[in-house]
Amino acid sequence: MNSVTPKQYQSASEIAGLVANRETSAVEILERHLNQIEEHEKDVNAFNLVTINEARAAAKETDKLIVEGGNVGPLAGVPIAIKDNLCTKGIPTTASSKILEGWKPPYDATVVRKLKEAGATIIGKTNLDEFAMGSSTENSAFGPTRNPHDLSCVPGGSSGGSAAAVAAGFAPIAIGSDTGGSIRQPAALCGVVGVKPTYGGVSRYGLLAFASSLDQVGPFATSVKDAAIVHEVIGGYDPLDSTSIKQAPNSFVNEIDQGVNKLKVGIISELMGGIDGITQEVIKQTNIAVSALSDAGAQVEEVSLPAALYCLSAYYLIAPAEASSNLSRYDGVRYGLRVDGANLKEMNVNTRTEGFGDEVKRRIMLGTYALSAGYYDAYYGKALKVRRLLAENFADLYKDYDVLLSPTSPCTAFKLGAKIDDPMTMYVNDVCTIPSNLVGHPAISIPFGSGKDGMPIGVQILAPPMNESVMYQVAHTLEKASQ
Amino acid sequence: MNQETFKDNWELIVGLEVHVELATQTKLFCGCLNQFGSEANTNVCPVCLGLPGSLPVVNETAVYYAMQLGRALHCSVNRSVFARKNYFYPDMPKDYQISQYDLPTNLNGYLELPTGEAVGIERAHIEEDTGKTTHIGTSGRISGSDYSLVDYNRAGIPLIEVVSKPEIRTIEQAKAYVSELRNIILALDISDAKMEEGSIRVDANVSVRENGEQNLRTRCEIKNVNSLKSLGRAIEYEANRHISLYGNGEYPKQETRHWDEDAGRTRSGRSKEDAEDYRYFTEPDLVPLNPSEETIAKIDQEMPELPSERRRKLANLTGVKSSDMTLLVERNHDAFALDAIEGGGEPEKVVKHLVNNLSSGLGALTPEALAQLIQMENNSEITSTQAKKVLGELVQRGGTPANLATELGFEAVGISDLENLVDQLINEHSDEWERFCSGDTKVQGFFVGQVMKSTSGQADGKVINQILNERSTAK
Amino acid sequence: MSDSISSDEVKHVAHLARLRLTSEELATFTEQLRAVLDHAKDVEALDLDDVEPMSHPLPIENTMRKDIPNPMLKPSDFLPEAPAVEGGRFLVPKILGEEE
């Protein structure tokens, strides 16, 4: 198996500590990671753009600030890769689409600004499925990203580039976005930690919208603690995002070692044996994880989430509907690609036809249809009701359980090209992750063992909204058990 | 509304959609300046340019203004939800407009016309304005243009759209509706509402039906009406066009039409085939607005005196025509009128002076001065011609009418003096007097002239005639 | 197979979305969209008359901002990214289909 994973990962919190104490420098840390990139990026294709010059300048600044005794923040000198659907001022932000190739935003996403303020070194923009639509990163207009564990396999998607960047040791932290599982599923397939925060917990300002009521920005890391640290840095109320939560959540990091004694964990039965394409290995690893939690003092039981069976359908009506509207602005008028036409309408059509890939077109049409006159009630309207039902299901369960558990993905990383021809086959990869997006609850995927082929498997912990601390607690315990 | 005949056997049905640009400091969903006349694309930011990744956050003052207007129109203020109206057009940066659809802020009110009739209000909702497209080519209109240029300064300016029920039956009512709505908006101070500047825009939905018909027939939406006069002309043209079509056994097509001011006609706009399916859905980037009862109560408490209320105060005075009341309120002279009346001025005369002689403004005139002036007139201390002159001076430089009259050398000759003069003239000119008494009115001018000569023109002609008549009948 | 969406309907939504499809694409996309919508028939079949739709995942209300200015962009911040500009304004090809 052709793979490029490093033997040892360095943790972000370690790096930040060393840099702040001047035991090493931000520049040195950066160069080390740039070397790794230089050696292996051509095989992995995690990045749309490695921002070498900007990163070097930023690292130098960080070191200078430290020398001057200034306050550098909790991520001092930590190289971070940013999914290329987050705006970075003056640096191309393409959503891996031809329609935005080369477009430079005049502003930073709030998350990017916060990371910079925390002293991080932004190392580059990572590849994704075009406009975050996909589960394999094969829908990128700039070529697929490959799984560092096996270069003939997909890294998952849509944040495949970010997951691969961390798995390949290009950066200890990457930022992705999750609409139907786009952080958690690639995290599982690449053997790293991936978190989807509570909806509204992290600002969406500057995130190129896919499905506005589902999108969230979150971290990839090599450890649960690192993920929690980054989550705390990027989270919080943003007055520029009307859907952002005003109350500050409890600290995620402080209570992370609390263990799971007496915590009640519900295993979602609908997401275990019965789902399409779930492999024996995934079920096996998930059961081992369950036992580990039980051994650590948790009370584990099977629970039912009946509405889970309808989530895939509801998602594939709601998400494309919102996307069809969010992507209307790409019309060749103000930015990005323009393909000329005899008149405005023709220009719009030419631009969008040439600029968008097939999956994006599919979803735009599906979404347009679901919203169109005469079909709204049957499709989109109904899907919104399923969502309500699902929320009620979850609320009932959380009366009795602290967290819920399921596999993250039904299978390990599949071969490039294996599922690309049949959209439905690709869509069912998201069945375990979609429920959390629909209701806006937080969830985390942590690596837990691997399949027979050595490919990573991820286990998912779901928690009630605003309750990431208990989620991180359980994840941390599982992480220890997996080592 | 009473049934009114527009023409022959036809009834006119008009509903008006009025868009009002709110005079907030910043735009509806971002902190860009809400400013008219800036250089193109200088009052913009990622949000109102619709740049990828941008998000809207609603302006609380715009929401407050919207609720104020709703309450002034007797609407219920409700929990509301923003919605996206999806269609492609270059003046819309996101290619969707954030508006309100099935859950708007204000519902089910009415607007009281000066005549006392009420026009139902369907709803008044909040939405964002679009940018401005200029068509470059030979005519400056869309057809025949070579290309267009877009400026997004106006994109995102807060608008309230007030939709009336189709209860307007005459052109006068339509104009009165717009005028009154405008006056209410000005009283609330939420917009400068100038049709010429586009801060208030009127679209008219016009249809006709035969007298006695219950159902509504096909209507057309008329856009591009830039003045009240155009509104009247456009409605008239369109109604006649429909009547004509029906007369020929045809039907008007349901469509949007543009008013062509120069040609004096409406023209077909977008055809039905291209009619957009707006695919409305709840705006996911914004959360619902749910004003508290306290807030609504506060709005009601702070409601300024609306034009209808002000007219009612004048109406309580006898002898004031309703058209005069409307005029006074429109000119903001109603409070002045009430003060002058309180100061002792006779109501009819107060109103008459304000309406006829003070249309260009009150200047330095005080209500007390006007009251005094009227009293002087009534006591024949000055003639009405003299009063007008004094009024002019009062407006110019203030003061009291008594002082000004003295200063100007205006002293109407007293009645008793005039009576003596007339009696003297009767004695001196008995032949002429005989003729006057037997009905020769031509001689009247002679007597008046004589009195005027003796008093150097300071006699009130009306009073002289009165005395002459009294004397002649007394005989 | 049931016709949950016809190729005419696909053509229509493509038009609404300003997309052009070749005849092959039309056929392929119709088949693919049909598969998704067929799968969604499970949702369509549910009786949810008593359930309220959920547009927002969280029960937040009344998030607003004060009517005070925020920093704005300068034309030089974004006009260089525009496909066509004239006199500080965005240039678009002629717009058809409005007035007669």
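Labels for the chains are A, B and C, by order of writing; each one numbers its residues from 1.
In this section, a residue touches a chain if its C-beta (ideal position, glycine included) is under 8 Å from a C-beta of that chain, and two chains touch if they have at least 3 such contacts.
Here the structure is a predicted model, which is why all the values come from computation and not from measurement.
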Review point. Taking each chain's centre as the average of its Cα atoms, which chain lies closest to the overall Cα centroid?
Key: C
Exercise for review: Name the chain pair with more contacting C-beta pairs, choosing from B-C and A-B.
Suggested key: B-C
**Study point:** Between subunit C and subunit A, distance of the C-alpha-averaged centres to the nearest whole Å
**Key:** 23
Practice item. Would you kindly tell me how far, in whole Å, the mean C-alpha position of subunit C lies from that of subunit B? Key: 41
**Study point:** Length of the line joining the C-alpha centres of subunit A and subunit B, rounded to whole Å
**Key:** 58
Review point. What are the residues of subunit B that contact at least two other chains?
Key: 46, 49, 51, 57-58, 88, 90, 148, 150, 277, 279, 281, 284, 286-287
Check your understanding: Which subunit A residues sit where two or more other chains touch them?
Key -> 103, 106, 213, 239, 242-243, 324, 328, 331, 333-335, 344-345, 348, 368, 372
Revision key, fill the gap. Within subunit C, the set of residues that touch 2 or more other chains is 16, 18, 55-56, 60, 63, 65, 73, 78, 90, 92-95, 97
Exercise for review: Give every residue of subunit C touching subunit B within the complex, in rising order.
Suggested key: 16, 18, 55-56, 60-75, 78-79, 86-95, 97-100
Study note, to complete from the structure: subunit B partner, complex, touching residues on subunit A are 86-87, 93, 95, 100, 103, 105-107, 109, 204-209, 211-213, 239-243, 321-322, 324-325, 328-331, 333-335, 344-345, 348, 368, 371-373, 376, 380
Review point. How about subunit C: which of its residues touch subunit A in the complex?
Key: 5, 9-10, 13-14, 16-20, 29, 32-33, 35-37, 39-44, 46, 48, 51-58, 60, 63, 65, 73, 77-78, 81-84, 90, 92-97
Review point. Which positions of subunit B touch subunit A when the two form their complex?
Key: 46, 49-58, 84, 86, 88, 90, 93-96, 148, 150, 277, 279-281, 284-287
Check your understanding: Which subunit A residues qualify as touching subunit C in the complex?
Key -> 103-104, 106, 199-200, 213-214, 239, 242-243, 245-246, 309-310, 312-314, 316-317, 324, 328, 331-338, 340-350, 352-353, 356, 361-362, 364-366, 368-369, 372, 378-379, 381-389, 391, 422-424, 427, 438-440, 465
